[in-house]
Structures are given as structure tokens and as C-alpha cells.
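Letters are used for the chains, namely A, B, C and D, taken in the order the chains are written, and counting of residues starts over at 1 for each.
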């Protein structure tokens, strides 16, 4: 139980870091799967990530039903998280955000590819999901399991997927690396745009390089950033 | 009377948020219509939005005459607000700003269109008003009701209009959503510029999507941002 | 004497504002002409503008000789100021900076022109001075009256001139408006670059508009920004 | 010994300044050669530069073996530093960073050249090293002396070299000027990209200008920035 509490505190920290690093503004959210029950996940009530506190964290079934709402209003788009956890048993954390750099890719169909080693964990190529294709005119929000599952299918076996006119989803085998990948997906977006503006011939990471970077991005590497981000977000750091 | 005071405090908060979010620098202003008298509006004296205090708020007739100036100097461009309230009974709040991203659109004639769901409330296409067309060489400021009315006509039934070589006007059915639309108009400007730099074929929100986004942007959604922005601007948050 | 002290305090404030507004980094400087002796000017010793204090301000002849150095090392480029005051009796304040946005214009020969009303005081078109034309390979610094006078000639009757591979010079009839013009020259640089990236047909301010804007930019307008900038730079504001 | 302690404190300051100036994020590192033993250098343990403290500084042989690790984990890429010190007896300080602006150059092959006087110390043209050419698919990190020496060869007699898909290395005859060059390499990256986006004919500094700028960039010049950066990084300044 102490361990679970630590995980939920870390989820609060993840919310604050995503805000402090400019990945989310007042919208977007991050969840973790329940460590002892793969059919459950934890996610804040509907609140700006920078404001999220421990008391805001709610437990959900994969279908998005809150177990003990206590009057707290959940995010409308919680179905993104459940659908991803349902399809991908390896995923333990999920970020949904609207980080500004990724938007131009989603609306032009331009494929994002990793431009530098720290961005290798985004994968060799980032797929794009367009809600309009299957669901027509909506408010673009993922408000049902049907939409969430369609998005999860686009994500496939990868760690990232863009959502046209909306944002992206980023997943990982543990929370810190999902946050790490979110931060560097945004950096990649800016740098790829600049590089492709300079030249049509950009040398992205090769498939082999992407694999080696991903395999050698250890929790120790991620923690070097995590310690720094904790201080910037004014949260305690635990190794 | 207590209620009016709350509204004026919220107007002060709106000034601070617009500054804190980078929508205004030392110039630009925001008003609300008098809740009990549609022929009056409230607007600060001529002061940088980030510095505005409760004692700076003045009451004006729609023609821009201050009711009780007490020696306070009004904004030269207050006519923007009066002309908009005159033409549009549905409008309860009005922002005039020079947010940097919108300027390039106004001077090139490039039409802004919503690129992501949070920007849907800017409308399907943002019209551009050029003071030079009807008023020739001026200092570009809207210093008369004639100019204000001409601008309001360009705004039409929409929520946003650009002003060539100057800035924009953003309106809404209540104050918080007008501020919200101002923040996301600026974001849209930056992202559209990037996307159109990447590709000629940008998939903007469809008309149907714009309508659905606008219809489902509830005060609850806006408040998620408002709570966050209040803290950043060091102002108390009231739901 | 009290009045002179106030002016020098204001010069300190100008240094801090230029830093706080991003016009200068650790380099660049700002001077005022002596109010009672047109053959003298005041300028800090060689120090980053953000660090300048009252005790750093030195008095110089127009030729750049310090009157009472007290061991303080002057800026190598003080000749910019003296040469401008020599040629232009109407100028009472002078800023030399390397604000990042103006650099690309100086090295490409692209002419800056005012894109919005707040930038009107930069003038209808900004001339470019290239030290290489007359002085060949140097370290690009204006280290003599000969170079300063050549630069001043390019400035001519205007308020702004770019220096290729180096920065710019901005002058005004009083200190606050020279700072104001410096801030908005940088903004103009960014916005013009964006607008010209979008379209070849940018509608800049007409000559008539530039004149009207310049004529109606009153100390009251400038003070609206000055009050705000003082607070941001943590300096007291005096009207 | 007191002098050595001062140097190590200055190395801590250099770490903080590089972070505060946006040259490094949570990754990247900076070293100095041992002032009394050219076969040794000092470098922090593996930690984000913004967090580095005196107790983190370790001493290494040029081959990268720590002399007294005390359980501290070194940077995987310390071989960059040793290889540079081995090849270049004139170099006393070395920065390795991933400053965002340089990335697009490394992946497109576009050569960086100095665009303004403060950037002159980057050299007339910045060479690019691609680890893939000789080492094939790796995680792009310089994890051996063989890779470090190959990189150092590309650096040659210069002060800067880019690393494709990774970052850059910057060296200098003393610590402060290596930091200074790192800061202005990043600025050059941004401004060159803008200028070349405007025009194919950019007038860079001539070879003669680069030489004169480099020769006249004195410790006094660098200290003007260093004093300012110390305050921003909340570190004491010593002349």
C-alpha cells in the first residue's frame, strides 16, 4: 500500500513535469496501469495537469468506469487510456497531450521520424490517426471506447501516435520513460521541421540506430532527466 | 452589487491572464458588458493589462463616454468595444489585442482557419479588416465610432476578426471564453504558419467539426484552463 | 542636480529594461546626451546592461574621452554614441544592440519595414551599414570616431540603422522612446520574417501611416509600456 | 590547492550556466584539463548539468578511467573529453552538448558559418562528424576512445564540430571562452537558419574578420558575459 501511494505521488509528479516542460498546457493527461491489477488504471479527475494533486487521482476500469468517484468529474477522453491498456499488456503508462510541435505533422500527413539520439524512443516512424476517417464530424475528442480502440489500433506496437487536429498519445513500459518520450517527441517535432525546411535530404536515425537507442535507454538515463525535471517542477525526487 | 464587484474582479483577472499568457504585451484591452444594462460596458483606464487594478475599471456608454472618469484617461480605442456591443446583443465580453502570431495573417491576407480542436472557437475562417480601405492613411488606431462600426461589420456574426497591421478583436458570450479564444487564436496562428510552411495541403477542422467543438466547449472546459491561468497570473480562482 | 540624478537613474532603468525585454543579452549599451551640455553624453562603463548600476555611469566628450574615469573601463564602441550626437542635434538618446531578430536582415540586405502600428517609429525603411565596405576586415566593432561617423551617416535623419553581422543603432528625441523603438524593432524583425515567409506581397505601413503613427506616439503612449517594463525589470516607475 | 578548488567551483558554475543559457537540457557535460597535469581532466559524475555540485566532480585519466570514483557513476561519453585533450595540447576546456539549434545542421550537412561578430569564435566553418560512417549502427553515443579519437580528428585544429543526429563539441584555451563559444554557437544556429531562409546570399564573416574577432575576444570581453551569466545561474562571480 505504501508502494501504491508512492506510485500515485509519482503520477502527480508526472503531471507537473509535463506542464513544466511545456508538453501540456491546461489540457492533456497521464495515467498508469494499476501495478497489481492489469484491468485497472489511475488517472486524475478533469483538471489541468499543473494543478493535479494526490486527492485528484481516481481509479478506473479499462472501460473507463470510475470505481469510487466521490463526486469527482473524470476526463471525457479517459477512453484513450483504457483502450491502450486493453490492447497492449506491455504498456504500464500512457500520456495524451496536445504538445504544439506535433500538430503540424498530424494535419499535413508529414511523418515524424527521429532526428537525434534522445528522440530515438519515439520509434522509426510515427503513425497518424484521423478520427474523421471513421467517425466523421465530431468535436475530435475520444469520447468512447470505440474511438479509443480505433486509435489504439493505429498506435499498434509502437510508443507514439499522432492524432490529426488534436495531439498525440505516448506510451511506455513505465511512467518515467513515457514522460521522457513525450518531452523528446516535442523536441523532435521542432527540430525535424527546421531540418526539413533547410533540406529535402535529412538523415534520420536508421532503423538499427533506433533499436540500439531504445534498447540502451535505461532507467538510469531517464532518471538523469527525471531528477532535473523534479526540481524544476518543485517536486521531491526519488531514485 | 456584490455580484457586480465579482465581475469587475474577474475583469481584472482577465487582464492579468491575457498578459501572463502572452496575448497582450503592454497594449491591448478587454471589456465586459454591464450585466444589468446592455447599453454600458466596463473597461480599464489606459494602462498596461498586466498592471490593471480594480480602481482602474471605468464604466462607459456604448458611444465611449465615461460615466464617472474621476480624472482617469480612457483607452483611445475604446470604440472597438462599444461598436461591437451595439451590433451584437449576444456578445458579453470583448478583447482587443496585438498578439504577435496574428499580425502576419493580417498583412498578407492569408486566412486563418482552425487547425486543432482547442482552436475551434475562432470560427471556420477569420475575416480581415483593413482600416486603410475606408479611412486611408491613419495611425491605424480605432479612434471613432465610425471606425469601430466598420470593424464590427467585418466581425459580423463571428467571434474573431483580424485588423491589418494592427491586431485583432475577439468576442464571446462570456468573459472567460473570450479570453480562452484569444489564447487559442494565438496558438492557431503559430501552428498554421508552421503547417502551411510544410505543406500546401493542410487539413483544417471541417465546418461540422468547428460547430461541434464550439457547441461542446462548455464553461467546465474553459474553467479547467481558467483555474490554471489564475494561478499563473497570481489571481484567486473562483468557479 | 537632483534632476540630473533622476536622468541617470532612468538610464540605469533603461539598461535593465533592454535586458529584461530581450533586446540586449550581455552586450549592447544605451546612452543619453547631457541635458545641459550638448557636447557630453552619459554611458555605463563596460558592463552587461542587466548589471549596470548608478556608479557605473560615466560622462564622455563627443569624441569618447571619459571626463572622470575613476579606473572604470569604457565600452570599446562608445564612438557610436558620440558620432550620432555630433551629427544629430535632435537626438537625446541612443541604443546600440545586437537584438537577434535584426541580424538576418543585415546579412542578407533585406530591408526592414514597419509591419504594424507599434513598430511605426522604426521608420519607413531601415538602412543597413556594412563596416566592411569602407574599413575592410575588422573585428566588426566600431572602435573609432571614423567608423562611428560613417555609421551615423547611414543612419541619416532616421531613427534606426542596421549594422551587418553585428546589430543595430536606435535613436530618439528622449530616452524612453529610443528604448520603445528598440523593443518594437525586434518585434518587427520577427513578424516581418514570418509574413515574408508566407507571402511575397506583404502590406507594410504606408509612408503616410508611418508619419501619423510617429506623430501620435506620445510620451503618454510610451509610458504605458514604460510603467509595465519597470515592474518587470524590478525598477521604480516615475511618470 | 586553494587554486584547484576555485577551478572546480568554476566548473560547477560552468555547468549551471550552460543549463541556464539553454545550451544543455538534462544531458551534456563540460570538463577542464587538470591545470598541473595535462594527462588528467575533471568532469562531473553522470548528472544533469543544472544539478551538478562540487562533490560530483571526478578526476579522470585521458583514457577515461576515474582515479577515485567513490561509487560515483561517470558519463558514458567521457571519452569525448579525453580524446580531445590527447590530440590538442592547447585545449584546456571542453563542452559536449545537444543544443537544439545545431541539430538540423548535423543531419542535413549544411555548414554552419559565423553570422555575427559574437559568433566569430566558432570558426570560419564548422565540420560535421557522423558516427555512422565508421562505426555503423550504434546508439550514437561516444562510448569508446576509438570513437572519441575519430571525433577529435574531425574537430582538427578548430574550436567546434557538429555530431550528426547527436549534438556538438566545443573547446577552448580556457573554460569561460569554451562556454561563451557554446552559447554563441547556438545563437548562430538560429540566426543562420533564419537568414538562409530569407536569402541564398548570406554575407557571413570573412576569414579575415573571423581571425580578428577571435584574436580580440579577450578574457575581459568574455567576463562581461560571465558576470551576467553567474547572476542568472545564481552563482558567485569572481573576476
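Here is the rule we use: contacts are C-beta pairs under 8 Å (C-beta built on N, C-alpha and C of every residue); 3 or more make two chains touch, one makes a residue touch a chain.
Quick caveat, the model's predicted, so the values are computed rather than measured.
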Same vs different contact residues, subunit B with subunit C, by half of numbers used: different
Chain whose mean Cα position lies farthest from subunit D: B
Where subunit A and subunit D are represented by their mean Cα positions, the distance between them in whole Å: 32
Between subunit D and subunit B, distance of the C-alpha-averaged centres to the nearest whole Å: 46
Contacts with two or more other chains, residues of subunit A listed in rising order: 197
Graph class of chain-chain contacts, one of line, ring, star, complete, other: ring
All touching chain pairs, where touch follows the definition stated at the start: A-B, A-D, B-C, C-D
Subunit A to subunit B touching residues, read off their complex: 25-27, 46-48, 50-51, 73, 98, 100, 103-105, 107-110, 130, 132, 136-141, 164-167, 193, 196-197
Parts of subunit D lying in touch with subunit C, wherever the complex brings them together: 115-118, 120, 187, 190-191, 194-195, 197-199, 201-206, 208-209, 211-213, 215-216, 220, 224-225, 227-229, 231
